[in-house]
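Each structure below is given as C-alpha cells.
Two complexes are shown next, each including subunit A; its partner changes from subunit B in the first to subunit C in the second.
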Partner chain A sequence: MAHPSQLGFQDAASPVMEELLHFHDHALMIVFLISTFVLYIIVAMVTTNLTNKFILDSQEIEIIWTLLPAVILILIALPSLRILYLMDEINNPHLTIKAMGHQWYWSYEYTDYEDLGFDSYMIFTQDLTPGQFRLLEVDHRMVVPMESPIRALISAEDVLHSWAVPSLGVKMDAVPGRLNQTAFIASRPGIFYGQCSEICGANHSFMPIVVEAVPLVHFENWSSLMLEDA
Partner chain B sequence: MSLIRCLIFLCLLQLIPLFIFIGGGAAMSLLYLARLGLRNPDVCWDRKNNPEPWNKLGPNDQYKFFTVNMDYSKLKKDRPDF
Partner chain C sequence: MSDAVQEKIKNYRTAPFDARFPNTNQTRNCFQNYLDFHRCNKVLSAKDQDTTPCDWYRRVYKSLCPISWVQKWDDQIEAGSFPGKI
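Then we have the complex of A and B:
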C-alpha cells in the first residue's frame, strides 16, 4: 500500500508491475540526464563573461543534435511498446474472478467450480482495529492463489467505476453493460490495496479493493469456508 | 542556367537522408494503419456478409502485432461452441 510522503511507485507484486517499474526507471534516468545537461548549459551561458559574435553555421553539431534525440526517442519507444504488448497478453489463466462495481462497494464472484459470490464493503474508521489502514480495509477480501495467472472480468451494475490495484499493475474500468478483461499474477503472498479509480458518486473514495494472495492450499480452505457461510 | 541546376541538385543530394527518414516513418505509419484497418477483428467493412468479425476469433488467433511471452499457436480451445 502507499505510505506517507511516498514519491515513487509501490513495491511490485506482479511481473508486469516489475517491468513497469524498470521501464519507469529507464525513462526517468533519460529525463534526468537531459534536464541536468540543459540546466548546466543554461547556468554556463548565464554566468560567463565571454562572447562570440562570429559563428555562422556548423554542420557537425547540427547533425549531432538531430541524430542524438532521434536515437534517444527510439531507445524510449522500443521498451515502451514491448511493455504495452506484454500487458495485453492473455496467459492461460488458472482462475477467473468477476469483480462487479456497485455504488459503493465491490462484489466478487468465483464461478469456475462452485457458485461463490460475496460483497466487499469498506470498514468504517470507527470500526477499525489497531494496525488496520484507514479507508483501505474491507470486510471480505478478494483472496487469490499466489503465483497463478488470474483473469479478472470487471463490470459495473450502476455507474462507471474502475478496479485498480497499483502494486499488481492493474487498472480496468468497470462499465455497466460491458465486460472488461484483465489478467495478473501475484508473484508473492501478501495483501495488496487499491481504490476505486473512476468517480462514481458520494462515496467514490470509500470503496477500496483488497487482494489477498495466499498459497493454493489456503485459497482452497478459504473458498470452502466462504461457500459454507453463504 | 547549369549553375542553378547544379545548386538544386546539390541541395537535393544533401536532403536525401531527410527523405529516407521521413519517407520511412510515413510508410511505416501508413502500413500499420492499413494493418489495423484490414486485420483488426474490431473493424467491420462488410455489414452484409461479415457483420461482426469479433465473434469469429479462434482459440489460437494472434491479432496483436507483436507478442513478447506468449505463443498463441499453442493454445487449445477449452470453451463450448454456441
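Then we have the complex of A and C:
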C-alpha cells in the first residue's frame, strides 16, 4: 500500500510491476541527467563575465547534439517496447476471476469450478480495528493463489469504474456490457491494496480493492469456506 | 474422439487462450461460448445423441461470463426473447 509522503512506486508484487519499476528508474535517471546538465549550462551562461561575439557555425557540436539525443531516445525506446510486448504475452492462466464494479462496491466471481460470488464493501472508518488502513480495507478480500498466472475479467454493472492494484501493476477499466481481460502473477504472498480509478459517483473514493495472495492450499481452504457460507 | 474431449473436460482448469479472441475485449469470447453451448445442445439433442461434448462450452462460458449476464440470457431464452441465434 501507499505510505505517507511516498515519492516512488509501491513495492512490486508481480514480475510485470518489477519490470515497470526498473524501466521507470532507467528513464527517470536519464531525465535527471539531462535536466542537471541543462541547468548547469544555464547557470554557467548566466554567471559568466566572458563574451564571444565571433562564432558563426560549428559542424562538430551540431553533429553531437543531434546524434546524442537520438541515441538517448533509442536507449529509452528499446526497454519501453520490450516491456510493452512483455505485458501482452500470451499466458496460460490457472484461474479466472471476474471483478464486477457496482455503485459503490466490487463483487468477485470465481466460477471455474463452482459458482462462488461475493461482494466486497469498504470497511467504514469507525469500524476499523487497530492496525487496519483507513479507506482501504474491505470486508471480503479477493483471495488468489500466489505464483499462479491469474486471468482477471473486469466489467461493471452500472457506470464506468476501474480496477487498479498498483503493486501488481494492474489497471483495467470496468465498462458496462464489456468484458476486459488483464492478467497478473502475485510473486509473493501478501495483501495488496488499490482503489477505484474511474469517477463513478458519490462514493467513488470509497470502493477499494484488496487482493490477498496466499499459497494454493490456503486458497483452496478459503474457497471451500466461502462456498459453504454462501 | 469423444475420449479426447472427455479428457480435456476432466483436466479443465480454466478457459484456455482462444486465438479467435486475442485482445483485451473478451465480451465476444464469453458470448460465443454461451451460444456454442446452446447450439451444441440443440443439435445433439435433436439427433438423440449424448450431449457430453457440449460440456466444454459450458465450462468455458461459466468461467468467462459474469453470473448476471448468464442469468439474464437464461431468462431471455426461457421467455423466447434471446437476441442470439440458437
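We adopt the following convention: the second predicted complex is superposed on the first by the 230 of 230 C-alpha atoms of A that agree within 3 Å, B and C clash if a C-alpha of one lies under 4 Å from a C-alpha of the other, contacts with A are read in each partner's own complex, and residues count from 1 in each chain.
Convention: contacts are C-beta pairs under 8 Å (C-beta built on N, C-alpha and C of every residue); 3 or more make two chains touch, one makes a residue touch a chain.
It should be emphasised that the depicted structure is a prediction, and the values quoted were computed from it without experimental measurement.
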item	value
Partner chain(s) touched by A:Val138 [first = subunit B, second = subunit C, both, neither]	neither
Subunit B versus subunit C as contact partner of A:Arg82, first or second or both or neither	first
Which superposed partner A:Leu20 touches (first subunit B, second subunit C, both, neither)	neither
Partner contacting more residues of subunit A (subunit B vs subunit C)	C
Subunit B versus subunit C as contact partner of A:Ala174, first or second or both or neither	neither
Shared subunit A surface residues [contacts with subunit B and with subunit C]	90-92
List of subunit C residues in touch with subunit A within their complex	12-17, 22, 24-27, 29-30, 59, 62-68
Contacting residues of subunit A [partner subunit B, same complex]	70, 81-82, 85-86, 88-92
Partner subunit C, residues of subunit A touching it in the complex	90-96, 98, 100, 109, 111-112, 115, 117, 151, 153, 155, 157, 172, 177-182
Of subunit B, residues touching subunit A in the complex	21, 64-70, 75
